[in-house]
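Got a structure for you, written out below as structure tokens; questions coming shortly.
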Amino acid sequence: MKKQCVGMLLAGGEGKRLGLLTKDLAKPAVPFGGKYRIIDFTLSNCSNSGIQTVGVLTQYSPLVLHKHIGIGKPWDMDRQFDGLTILSPYTAKRGGSWYSGTADAIYQNIHYIDQYDPDYILVISGDHIYQMNYDDLIQHHEEKQSDATISVIEVPWEEASRFGILNTKDNLEIYEFDEKPKEPKNNLASMGIYIFNWKTLRSYLLDDAEQTDSDHDFGKDIIPAMLNDGKRMFAYRFEGYWKDVGTIQSYWEANMDLLEEDLSVSLNNKEWRTYSQDVNYPPQFLDSRAVVENSLINSGSWISGTVKNSILFQCVEVGTGTTINKSIIHPHVKIGKNCTIERAIIMENVVIPDNTVIDGTKETEPVVINDEYVEQLT
Amino acid sequence: MNTLMGLINLEHEHDFLEELTYFRCGAAAPFAGRYRLIDFTLSNMVKTRIEEVAVFTNTKYRSLMDHVGTGADWELARRHGGLFILPPDWNDPTDISRGDLRHFHNNRDYFHRSKADHVLVSGSQFVANTDFDEAFQHHLDTGADVTLVSVQLDKSLPEHVPQLRLETNEAGQVINLTNDQENKHAFTNVYIIKKEVLLRLVDQCIAFHKDHFLFHGIKENLHDLHAEYYQYEGYSFFVNSIESFFRHNMNLLDPDPYRELFFKNEYVRTKISNEPPVKYRETADVKDSLLANGSVIDGDVHNSVLFRGVKVKKGAVVKNSIILQRCIIEEDVHLENVILDKDVRISSGQTFIGSKDKPFVVAKRKQI
Amino acid sequence: MNTLMGLINLEHEHDFLEELTYFRCGAAAPFAGRYRLIDFTLSNMVKTRIEEVAVFTNTKYRSLMDHVGTGADWELARRHGGLFILPPDWNDPTDISRGDLRHFHNNRDYFHRSKADHVLVSGSQFVANTDFDEAFQHHLDTGADVTLVSVQLDKSLPEHVPQLRLETNEAGQVINLTNDQENKHAFTNVYIIKKEVLLRLVDQCIAFHKDHFLFHGIKENLHDLHAEYYQYEGYSFFVNSIESFFRHNMNLLDPDPYRELFFKNEYVRTKISNEPPVKYRETADVKDSLLANGSVIDGDVHNSVLFRGVKVKKGAVVKNSIILQRCIIEEDVHLENVILDKDVRISSGQTFIGSKDKPFVVAKRKQI
Amino acid sequence: MKKQCVGMLLAGGEGKRLGLLTKDLAKPAVPFGGKYRIIDFTLSNCSNSGIQTVGVLTQYSPLVLHKHIGIGKPWDMDRQFDGLTILSPYTAKRGGSWYSGTADAIYQNIHYIDQYDPDYILVISGDHIYQMNYDDLIQHHEEKQSDATISVIEVPWEEASRFGILNTKDNLEIYEFDEKPKEPKNNLASMGIYIFNWKTLRSYLLDDAEQTDSDHDFGKDIIPAMLNDGKRMFAYRFEGYWKDVGTIQSYWEANMDLLEEDLSVSLNNKEWRTYSQDVNYPPQFLDSRAVVENSLINSGSWISGTVKNSILFQCVEVGTGTTINKSIIHPHVKIGKNCTIERAIIMENVVIPDNTVIDGTKETEPVVINDEYVEQLT
């Protein structure tokens, strides 16, 4: 079954810097934006871009992630022969091991890709928030007759040294890849989104797998090797919102960004819908004491208190007299009466007793609340 | 097998919701912020683990077809079984059946193909969130031909008038269906019937040129049938008029009915529409209201039900109203006791006020 | 986007297959052992990577709905897009549209919701196994408003009479559609049209109370439109009469047409029915025939097409015949030049003989 | 999501005694009966019995098997939250390994089962040919208030010593399990089909996992341990066709059995359909020289020769003048003109040149033909 482009979505990251949020959860499965999980943005990008054959590579704590993705129904990828396939590290008779790097993850699944005989491979990761039409990227790739095309975003010069920087000619042809350069020559940062001609990439993956000193990583090994061989590689300049939610602070910021009016990532965009599991919860209920301002609230929630500048997931209860500000409340959290919650992230199913005060305004990062935290309170 | 198949028979349901049923049948009328009336019946069937449901439609079934789609949102998109919307399209010149018997006659295949030995038949006007496991168990235990699901009416409401009442004997069997308004034991139009009995009564009705299966097939034969009843005790009501539609939407703004209907049992299934969470902006003032996802609120919403994707702009006031999906209420509009059908846009500064007994209804897609 | 959406417009296809279309529309007529006519058009659309297909139906669409189901067997059971059977059910008293314009008018949403900028329109009578990638590329390259798919008729057959002919100018553009039987450049009723042009012509037709989009929307406006054509060269034919139906089924018993239609391109998709392989018993004698799965053969089958699940008992002879699904031919029956609709049972010992020009047709479910 | 019964289908066997047939193919994926793969019979049993939540445990050469099963559409198990789930051995961060026994395979997937909180677990394997209503088995289990129920079939006394024999009281209560007894006391052989109360089995699995000297096998370890503790265990007597296709001879026989008229496994049974992938191949074509008797032929095939007492899968071509007898021809095989094929199994995609003679009548087992065999011929 010939396919023009197969997507390979790297969703195996541990997301260590997200602390408690990823203790038992793969980073792409972390709840986001009142209704979604982080990976929904990438999967919806695929669906909206017409890329319907997607391998999702998982490894770290995949249970919730697998259950969330299921057979891919919300993204219209529940197909018998192509659609979405979860690719966990394969255990052969003599044992198996985790993917040792991003390139190794693709290498281990060459047989999966080969069955579709694609022209291109789109490599993306499941832990960024952005809305992008990958078809534009493919068209750019085709126009430039490129061997590989890397999506880049302009970052402030003073921050460029924190990123993988692509040094390009005027026509956007890449001549050098600088991982976290001390003295950046450019401010175009790689977004970790690649289009490769599959035949070309395939041979580089086979070569790389034999290098014992390789990290088997796209940025560190494959891209430099291709540049070294003089392959045609171009940057594709993406303009719009893009955020790596790598730390608790950036996770919190990215959520708060959704409350901004002029954000280019719009959940209300009918032309570019963000799909997720939708569980038929009833409409939300605001009673006579509810005060809600500048907030996002999902269905099934019951509000009897004050909610400002916050994001509430499905089936959250907020008791009378309680005030919540600048916080993110995960699904099925019950918050009692007369509580004060400031700059906090409350994790799924946590029950906050009456009269609790949680103040994250003085910490460097917003405070993350789980059951153990609540137990210590009482 | 001792399993159930489902039938939602809409043939004799008239278009009871005025402007709201100009373009859609009553079963497709929106209800409670994100549902259509049929969702309750359909969800109850799915909760009873029914895997094949036929819907006999009469007219205006297009929005019903749009709504249920492949049935996937009710887990009824099956290769075997599933959901069948059966519009009236028959062309057999030898067919002498009339009324809803035409549906039974022309869809006999549906009953024959199924392995189920019993059929759960329902309309769309009885609203509850339940399964019929206990009713079915009662039906099986008593070996009844037909088991009628009933409710005890604790107060008299206008929508109760057309509901038939159950007359029972000492043994607790149903011996008649009456119009006796003093009798508070009301039939819900939901019943379980042995498939073979159903098919036999269908043949009999057709042979005598009858046109109403419930009246002529069941009621007129009660003397010959072993008819039991199962009284449903949970929260429930009937929606069969614009007045009952308005009142029962509004009742859900009380916490108790809301929790009874939505949180006592599994959630009611409906079409998934991928709307984002509700956005409340700085100037929003929302109280005593139900809101469905996709709405964006800058204004005041009090004592109202907002369906999916409604926009209430700054300075607008929505009170005691039901606003259907994707309506846009521009700035400084004032609405009170109003029902807006979907896709209505009220331009800025206007005021519309109805009364509780006679809400002001605006038909869909109007721009006023 | 430069993508296509699909429309199968059956409004103006009359019931051309006599007994075979007493109970079903022509598009739902069985063909070539395991297909329905619509399968060819639908499969061609899917091969062109069209992800949303609407079917405008007129009457007798129930078996069509049964056949396509959720669309899953064409990979068209989608959450976004998919397959929409759109029966005539409209209730807008202000609607003044007529003929197939009623469909266009009442289903305008379908066109607006799609992101596609072009529409592939087709009937169900042109049979081929192809994709329309090249036709679409030609349409895009020339920037045409509409591109008509045509064929060159190399011989004259009765079914060609009603097919319109293309009159072109020096630049290769279509300037008229005629009924000139001498002109062998025939229109297939398949065309690609810009969505905005389609919607504009629909509005124009409605405004002037027209009732036939192809005749009045396209043909009458050809002087104003940039109309191209794409000539299809592969194996194809038209089925629009019982005689052409019989002949083209029989043609497939020649190896070349069989291979051309079924093995030159991806397989034609149809409803999956999970029949086991054909069982040939000891006494079977089968030659020059097409057989679909689920059949069990004890008798002689020569020069015939057998649909799924046909039983031919011992001593029975089936010659030059088309036997639709689940027919039972009892022992010692003799059939020649016969078409049996589905579920017919021929009791033992009987003989039925028609002629090639006038095959003997038996309507479905008869027991004779 | 509460379920009454979850099915666990063991499909990881290598099937070594099937020789070439399982060289690159898991045994449950071996083609069978002209249209099916062996596992279709068990999956169809599940579907027809109303068991819609099924974990399929794979490990050996699973690629074709995974592709065949897909998301379970043919068996109506393509569901977002339950339905069919493929359970391959999980690779944890520190590596993974194959299931070490049938009980270990279930043990490793306790988390999968627990999410459905089932009353019962049905344990079955994917390499037997039979049609059975598992619901009858469950009802028997409930009536007997059993802790475990094992399906048994009566075997001839003289063959009983080749099976695992269950010794039962008159009421079918099991008091002893005899693995291949030299002097059998009974002729009721275990079919490897078990119903367990999940809570009971779960605790035995946890115990067994800690026993270092255990084979982690149901027959050898779990059943004896339960008997030892005096658990209520009953046999369920199955009457009908049941065949383990463990060797090439028995594989060939079981296929030939399908040509028998009175077989209780009927592919034509409308009440008990056997579901498989169906690929929309066109109807089969028999030309003027075709002679076909006592055979099963699948769609897309093209017959110009003589076919007797044989089973032909989809898209097989048989040239003019060729005679095939007592053979099984796998999909997409092309057989040239004037060949003679007797008692052979020809594997998928093999091309047999004109005038080839293959005679398996003198071998002990039918001869299996692959590409290499054909190369040696020429």
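When the chains are written out, they are named A, B, C and D in that same order, and each has its own residue count from 1.
The working rule: a residue touches a chain if its C-beta (ideal position, glycine included) is under 8 Å from a C-beta of that chain, and two chains touch if they have at least 3 such contacts.
From a predicted model like this one, the values you see are computed outputs, not experimental measurements.
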{"item": "B-D or A-B - the one linked by more C-beta pairs in contact", "value": "A-B"}
{"item": "Label of the chain whose CA centroid is most distant from the centroid of chain C", "value": "A"}
{"item": "Chain centre separation (chain A, chain D; CA means) in Å", "value": "41"}
{"item": "Inter-chain centre distance, chain A versus chain C - centres from mean C-alpha coordinates, in Å", "value": "46"}
{"item": "Numbers and ranges of chain B residues touching at least 2 other chains", "value": "72, 79, 272"}
{"item": "Residues within chain D bordering two or more other chains", "value": "73-74, 79"}
{"item": "Touch list for chain C against partner chain D, complex", "value": "32-34, 72-73, 255, 258, 261-263, 267-270, 272-274, 276-294, 296, 305-306"}
{"item": "Touching residues (chain side chain C, partner chain B) in the complex", "value": "22-23, 59-62, 69-72, 77, 79, 82, 86-87, 89-92, 272"}
{"item": "Touch list for chain D against partner chain B, complex", "value": "47, 73-74, 76, 79, 271"}
{"item": "Residue numbers on chain A that touch chain D, as the complex places them", "value": "59-60, 63, 67, 70-71, 73, 78-81, 83, 88-91, 93, 95-98, 111, 115, 277"}
{"item": "Residues of chain C that touch chain A when the two form their complex", "value": "75, 78-81, 115"}
